[in-house]
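Note that the chains are named A, B, C, D and E in the order they appear, and that numbering of residues resets to 1 at the start of each chain.
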């Protein structure tokens, strides 16, 4: 058997590989699982608006101390959001590599930064500003700015829900879809194209279908690679792809809207006037 | 090789493409994901009825001020619904392109419109009427029209749930299924038909199955295009297709039913009479 | 080409169709979506038992007025159930075509029927009896039959949950799975059998597998049609098929059990006696 | 055509059947739906522990009456569990065919059994002990053993959640996956093997692959039958298979743990001593 | 027929097996079910942070007794976590084979260990520390360290939620995916490779594609075995694989963070200072 003949046998052998592993099937199932995970992450990104409405309704006082308390509670909650995101989202990490950057951006004050750094724990500190927020709420109750224990419970409940969602995002970051699954899928796709490369050569004894430019093989390549790319994009929901959540923008929005609700618009509403359907 | 022969080779080559990409499979998985997203949107369209029942049960007073407060709270909630929908649903956008159109439709008063426009924020303003509604509730409590803090908490809770659902709809609008997935699927379907067009020509050396009108290819075309159309329809749940939610109709229904519950039917029920099974 | 030969060509052409559209695959995905929708409907059929337990625990008084209030609240809730079901379930519609039939069945009194008809609204009136129920609860609170606002909130919460579930059933009825999907699937199945009919003829030049009675084609027909029938049955969860919910029976059960809980068994329990494991 | 030849044709015809119906595909989808239903049932099996903790925290008094009340509430709840299970789980039905057997097992007292039998209703009586439990709670409140209405609401809430889960189990038992689906799937699998039996005969004109013992056909048989068996096992989650929930054991566990929590361990905890990390 | 010929027939027969059972399809469905189960387990791993925030906000007192109560409640909750995990996770079992090991690690005190061992019950004792925690909360209320019953209810609610999640983990451990399903899938995969081993021999009458090293069969082996391994890893979510939850690390984190929140940081927050956006 001369070497062109060997080459041809290898080529035909490789082509047969396409039928051995159902690449489309594997990708379909894998992407379905990844999409579900992405959905769960999406639904666990918390919004401070809900808490802000409760804070503005419960913590009374248009004086400086009242404003300070409301603003501080919301700032702590937004800070906790920033700390969490800085550890799971590369673009946020890039923007806030250290606590000092958060201080510069106004999420943290210099004194708070020192305290935060001073707390010795090997674990992520995202929950600490929320504990502070809880303490501020307790102080507001003691000073009579929150009228009843019921409102205290409502606000702490909200803070807790916020913490729970951040904690869930954190868990999803730590414990991803078993690595072996990703490896198995990626391996299957790459081997598939390796075998295509070998198997769809232009052979001397031309088969029907041999053309000079393998248009459809190229399309097939784009198709499967695109599908695998979908999975990779969705695996890192907080990355820098176009399809990812723009967390940095949300961070700014959260602080602005929080301040707007609990401070600027506090206890204020347009004059009550009869509407046009009033009979 | 003369050109008819080349044509024939290309045709046969194209026909082989059908087996390279499993169009049905890809569409099946894609549509399953899109349907799930649609379901989540469907379940996040809020209804003001729930809030209306709480408002009518908690905010007392059949006098003008009581009526005004109840009506205003509900109007603000409906307004928030309109603002959100105007930014995510094309037909609502068409009906309410500016705040002025909402004023004309009675969702907004002239003074409120000025305040709303005056608030400087780069973010969507859908949450502002809900902050106003919260403030009206707080005022009603201060004036003694709501008897206890517990009812205040209940109403604010409902307002918050309403806001949460609008926020979720908003998020779904911003962050859709990764574009690359849609592109990959659409490309696959279109390439499939291009290859059909080439591959199922009437060749000189007739194969079994050559007919003058490609009935089944046409049917296949309708079938796959129909399936892709299902996905496109579901991606834009609030569009103008027949299958989409008729949000404009819901907007009118919401305001009418809200006023009916909190105003016309307030504190009113038929006389208590023994039913026919009273033994 | 003579006409037997044309016939044969068409037959073979039709048989090839089987491979063009993956009927099993399409049906599998479609049925999965329909089953999920059915599950959501199933989980949104409300039960009045929960509300009945709260009403019997909160609304005091074994005198006629107390009994009347408890019974009326439950009757209104059951009525709201009947009105909703009469608009989404054909067998219930058949039983209760007008409010008069509900009056005859004891769900509505003559006076209430007049009021209900008198309310002018183009929308479904299922929520109106629930507004009445809320007003009766408010009156019971004013008369001191409900001891605290907390219990009021609990009952109204339950009424609201009940309304929410009815509203969801209502929405599912209005907005079904996009019609185009159903059309696409049905078309695929029917075309499939049309092509079978043509393609599996007994040809002159017998192929292996030609038999006089096409046993397996008949079986295949039953199989795919059965599968499509599953989807159709599940699409109309409240219809008259054997597999559908028997809503008419549930309607009777709901009223009887409600009266049993809030009236006959009110504030009554067997004597407290030590059980056999009391050491 | 002589009869061996006919036999051969029929055999080959049958073998072709394998490709007509995609048995694996149908089974895959069917099992996925059945597994989801099983999961929902699994998550709706209630546990009395949660209620027991609330009862022991809220119903005060270490005297006989206090103990009696706490034990009775828990016994009624466990009884309701037993009545429900006896109507949906064959092994529990076998153990408790009548109320008398429940009396013997200590879930019911003789007097209570008479009352239970005396209540005339065509519907399942599982909710009646829960109404009794509610009444005992109301009495405990009246006697001052429960300090506030809030605790009453909490306990009744729990009883209601318990009832809701039992009701859901009950519904799942009444309304199963549409029978026609099960029939369609079972028919497909059985026809498949009938055709295998005929189609994989040892023919005179031996094909490649004819062997004396059809090893792989046997394996295939075990495989598909095993898969169908999985579905059947999961359809009856409360049956007597090894994989089913062992409800009888849970019944005993529930009563023992309930008594342990509300009686033996009531208001008791180890002495408060500083732990080893106390600095 | 000579024996090389028989060997060849068997080989070809085995190769045909690949088409009899759709291994990829079966694995795809099986893994999808296993992944869903894993997700549910993941979402039911409880975190004590939420409870800790409520405890620090509700149980007052910076003196030793207050600190002791808060620490003890949290320690009991963490202990309950350890007991549960020790019975479902092999690595935790290895670290804490007996209660004595928990005492050494500081989760349990010597006196408590004796009491725990003294309680006679055939069932898992994970809920007992939670009953103790409830009793400590009740005592704190009686001593006036918790101001109102509402806070008591909130904390007990949280303890109950914690218990519920541990109970769910426990149930998932007891009742796994029906064994027969796992057996069916494993059998299918192993038979598949046995048939490959036989079927892809290097035959005398070489087919196209015969090569000395079966590269693609080896790849296929790795691929399917990898996929089956994914399922096995996910079935035992709390095992010792790299992809499993590192429960031992979580156990330490939980105790440290709990003490940090309820003790070190109790009622403490940075000084309230105006932030940089204060206008």
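In the analysis below, a residue touches a chain if its C-beta (ideal position, glycine included) is under 8 Å from a C-beta of that chain, and two chains touch if they have at least 3 such contacts.
Everything quoted here is computed from the prediction, not taken from an experiment.
K.L.:
Which chains make contact with subunit B and with subunit D at once?
P.N.:
Shared contacts of subunit B and subunit D: C.
K.L.:
Could you run down the chains that neighbour subunit A and subunit C together?
P.N.:
A chain counts here if it touches both subunit A and subunit C, which gives B.
K.L.:
Once subunit B is fitted to subunit C on CA atoms, what angle does the rotation have, in steps of 5 degrees?
P.N.:
70
K.L.:
Determine whether subunit A and subunit E, two copies of the same sequence, contact each other through the same residue numbers or different ones, counting it as same when over half of the numbers at the interface appear on both sides.
P.N.:
Comparing the two copies, subunit A and subunit E contact each other through largely different residue numbers, since under half are shared.
K.L.:
Could you work out how far the Cα centre of subunit D sits from that of subunit E, in whole Å?
P.N.:
That gives a centre separation of 23 Å.
K.L.:
In angstrom, rounded to a whole number, how far apart do the mean CA points of subunit C and subunit E lie?
P.N.:
Using C-alpha averages as centres, the distance is 38 Å.
K.L.:
Which subunit D residues sit where two or more other chains touch them?
P.N.:
In subunit D, residues 25, 28, 32, 150 touch at least two other chains, as defined above.
K.L.:
With chains as vertices and touches as edges, which is it: line, ring, star, complete or other?
P.N.:
ring
K.L.:
Start at subunit A, step over to subunit B, and keep going round the ring; give me the chains in the order you meet them.
P.N.:
One full turn from subunit A through subunit B gives A, B, C, D, E.
K.L.:
Can you tell me which positions in subunit C touch subunit D when the two form their complex?
P.N.:
24-25, 28, 31-32, 35, 39, 42, 45, 47, 49-50, 53-54, 56-57, 147-148, 150-151, 154, 208-209, 211, 216-217, 219-220, 222-223, 226-227, 229-230, 233-234, 242-243, 245, 253, 256-257, 260-261, 265, 267-278
K.L.:
Under the touch definition given earlier, write down the residues of subunit B that touch subunit A in their complex.
P.N.:
Going by the criterion above, the answer is residues 9-10, 12-14, 16-17, 20-22, 25-26, 28-29, 32-33, 36, 40, 65, 68-69, 71-72, 75, 106, 109, 111-112, 115, 119, 121, 123, 127-128, 130-139, 149-150, 152-153, 156-157, 159-160, 163-164, 167, 171, 175, 177-181, 183-184, 187-188, 191, 195, 255, 259.
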